[in-house]
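Presented below are the structures under discussion, each in the form of structure tokens.
Two complexes come next, and they have one chain in common, chain A, joined by chain B in the first and chain C in the second.
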Partner chain A sequence: MSFFSDLWDEIVNIFSSAPATSPVVPCAGCGALTPEQAQQWFDHFKSRTDIPWNYPNDCCYNRAEVMDQEMSAAGVQAGKVWNYAPDISHPLRVDTPNDPDGFVEWGYHVAPTVPVMVNGVTTPMVLDPSIASGPVTPQQWKDMQSQPGSQLVLTDATPYYRAPDGRVTATPDAAQIARVFDQHRADRAANWAGR
Partner chain B sequence: MIGNRLLRLLFVLLGMIQMSSVPAAPLRPADPMRGPDFVMEKVATWVEHPGADSQLMLADGSRWRLDTHRADYTVQATFIEQALKSDQCLLVSGNKANGIIDRLGAVRSLAVQQVGAQEADGLVTVIFHGPPSVYRVRMSRPGAAQDLALLRHSVASGAFFDKPDLLVGIDTRAKEVVAVKPLARATEAASGATGLRQAK
Partner chain C sequence: MHISSDQMATLTMQRRVRFIERLAGFIESKTQRSPERTALADLFSRAMGYGMTTEQQVAGYITLAWASGAHEATIDPDWIADVMNDPFRVADDKVKALFDKADRFPRGRAAVST
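Then we have the complex of A and B:
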């Protein structure tokens, strides 16, 4: 029994992408993270299997919310960045293997931001494992969505949903957030036929 | 001690070799919903029959069957379980005449942010408050004109993410809106649903 339990621990240690310790160590006195800490947060979220990263069609507002909640609880000054398509005829577009058509089109997209200190300057960096492989600047994140005319808006972590006109919605309870994830996991499964 | 660690490592390496020799079967895109009927109602009863068709009755009295042998049976049944658990309507794509279910989906309470003009291919683009994806209404679908009127009314009504005014059925595979109902009317119509689940 002990052999298998030790073996399991060994396997977990070898393959886990989760950080060995909490990446929550904000820069003393400035509240900013180091680039390494930002990457650790990114890796931590990407390894969370309860978040449907493989359903880019929907869920960004729910994903951003749970990431911000966890970072805020850990003392990180997390915020959100919103990217809005200029109009309905010119949506944001991201190529992705996670959609049967090979791409998704959005009216808007949202992801969490964290302050990162680089060369003595604090810059917001976007954590969005649904489309990026690591922390990126808001401009890099915008460029990934292939719509030069889109509009970036940075906010604090508060809005659960923010319309292009600035109207916002308060965060629902944890049960509702979990239901949204469940629904999107089901949608994702239904979009792909069996093996 | 060292021998024990080496043994564990060997065990893990053998497992990796074994796993890598089994090619991962690629998923293929599901087919879009075929209809021809698209119904949004609460679940009245859901009776699973292992080895035979499972029986679904909706609050409007319509009866449907889901083939337990289909490869995506579990995926489809998940939507029924979620509709029962959350006491929400279910989207059924299928043939009312013979009760055969084509596909199932979730029904969403939504408000419309923007509706585009009709394009040359007969599609009208819609963006909702909340879901980021761009969806389309295929105007050749029966009932599409009425659905479009409801979608346009939602924009004008000032409905919002936390104050939705529509129940919307979306084929997430095709990214098409396939059914629309005013939320108030749908809620009244479904008030008699029992949400009873049975299993045999």
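Then we have the complex of A and C:
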């Protein structure tokens, strides 16, 4: 550790993540879902036919965006979790029947998170129907991607794409997001053509 | 229970003053120098302009900005301003990037002591 890293750690320990000015401080656990509600959101998204769940090769950023937008509109305090491969020779890897090779590899992966209250404790849970069968913890989600050296980053719902160095890309409009889904459906068809 | 906009404004100001007092105590414990509250208040306003909202974000920015002497000028030094004005970073990442940058400075240049 270095001096300024230690200083930042001290600041995080001493000061809160509550607004510095607003006297309205969210109570711990307010807005958290029950495990059942989290599963209901998961099942709802899994059943959305406009989202190409069967194309794990790409599209995670678009899927995460539309899920977060729908949950945020419903008042859920959704966020995102990002998993970054350490380098190009050590990609994330997930076995899947949705690719002819039986697996896919990524430089990064992203999915939405929701706060879930379990036994009085609120914890973020990941909703990722592309690789999981229900809500999982960020660590479980990371472990599913088989790269121990990867870096996990939790953010709010804002970034459409977030580079490993923290730079973000502006969110496209709804029409552009729909076009990305269309493109990825076509990419999936091409990926399976003749295989 | 409802509170009026005047009461909300008063509570907001009180919270801001208390936060600046806590931050002043923290900075003093790190630098053995007592920062002027007006200087911290000016930097607080600058932090709001950069999109900082949480105590951690504001405290992180002000601590480094004050230690760098930014309160003695009307604008921040380039190494801070470049990060804080970056439209492609969210607030948490801006503060983290500031501390990462500070860590890369040659030893002895930083104004904060242990």
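Please note the rule applied: the second predicted complex is superposed on the first by the 163 of 195 C-alpha atoms of A that agree within 3 Å, B and C clash if a C-alpha of one lies under 4 Å from a C-alpha of the other, contacts with A are read in each partner's own complex, and residues count from 1 in each chain.
Everything that follows uses one rule, which is that a contact is a pair of C-beta atoms (placed from the backbone, for glycine too) under 8 Å apart; a residue touches a chain by one contact, two chains touch by 3 or more.
None of the values given here were measured: they were computed from a predicted structure.
Undergrad: With the two structures laid over each other on chain A, which partner does A:Pro159 touch: chain B (first), chain C (second), both, or neither?
TA: Touch status of A:Pro159: second partner only.
Undergrad: Could you tell me if A:Arg167 is touching chain B, chain C, both of them or neither one (first, second, both, neither)?
TA: So A:Arg167 meets both chain B and chain C here.
Undergrad: Quick check on the superposed pair: does A:Pro35 touch chain B, chain C, both, or neither? Answer first, second, both or neither.
TA: In the superposed model, A:Pro35 contacts neither chain B nor chain C.
Undergrad: Quick check for you: in the superposed arrangement, does A:Pro100 touch first (chain B), second (chain C), both or neither?
TA: The first partner, chain B, only.
Undergrad: Any idea whether chain B or chain C touches more of chain A?
TA: B
Undergrad: Once the structures are superposed on A, label A:Pro86 by its partner contacts, choosing first (chain B), second (chain C), both or neither.
TA: A:Pro86 sits against neither chain B nor chain C.
Undergrad: Just to be sure I follow: which residues of chain A are touched by chain B in one complex and then by chain C in the other one?
TA: 7, 10-11, 14, 167, 169
Undergrad: Touching chain A in the complex: which residues of chain B?
TA: The touching residues are 8-9, 11-12, 25-31, 71-72, 75-76, 78-79, 82, 86, 103-106, 113-116, 125, 127, 129-134, 160-162, 172-173, 175.
Undergrad: For the complex, give me every residue of chain A touching chain B.
TA: Per the touch definition, chain A meets chain B at residues 6-7, 10-11, 14, 57-58, 60-61, 87-89, 91, 100-101, 104-110, 161, 163-164, 167, 169-170, 179, 182-183, 186-187, 189-195.
Undergrad: Which of the residues in chain A come into contact with chain C in the complex?
TA: 2-5, 7-8, 10-12, 14-23, 155-156, 158-159, 165-169
Undergrad: Which chain C residues qualify as touching chain A in the complex?
TA: Going through chain C, the ones touching chain A are 8, 11-12, 14-16, 19, 22-23, 26, 30, 44, 47-48, 52-60, 63-64, 86, 88-90, 92-93, 95-97, 99-100, 102-103, 110, 112, 114.
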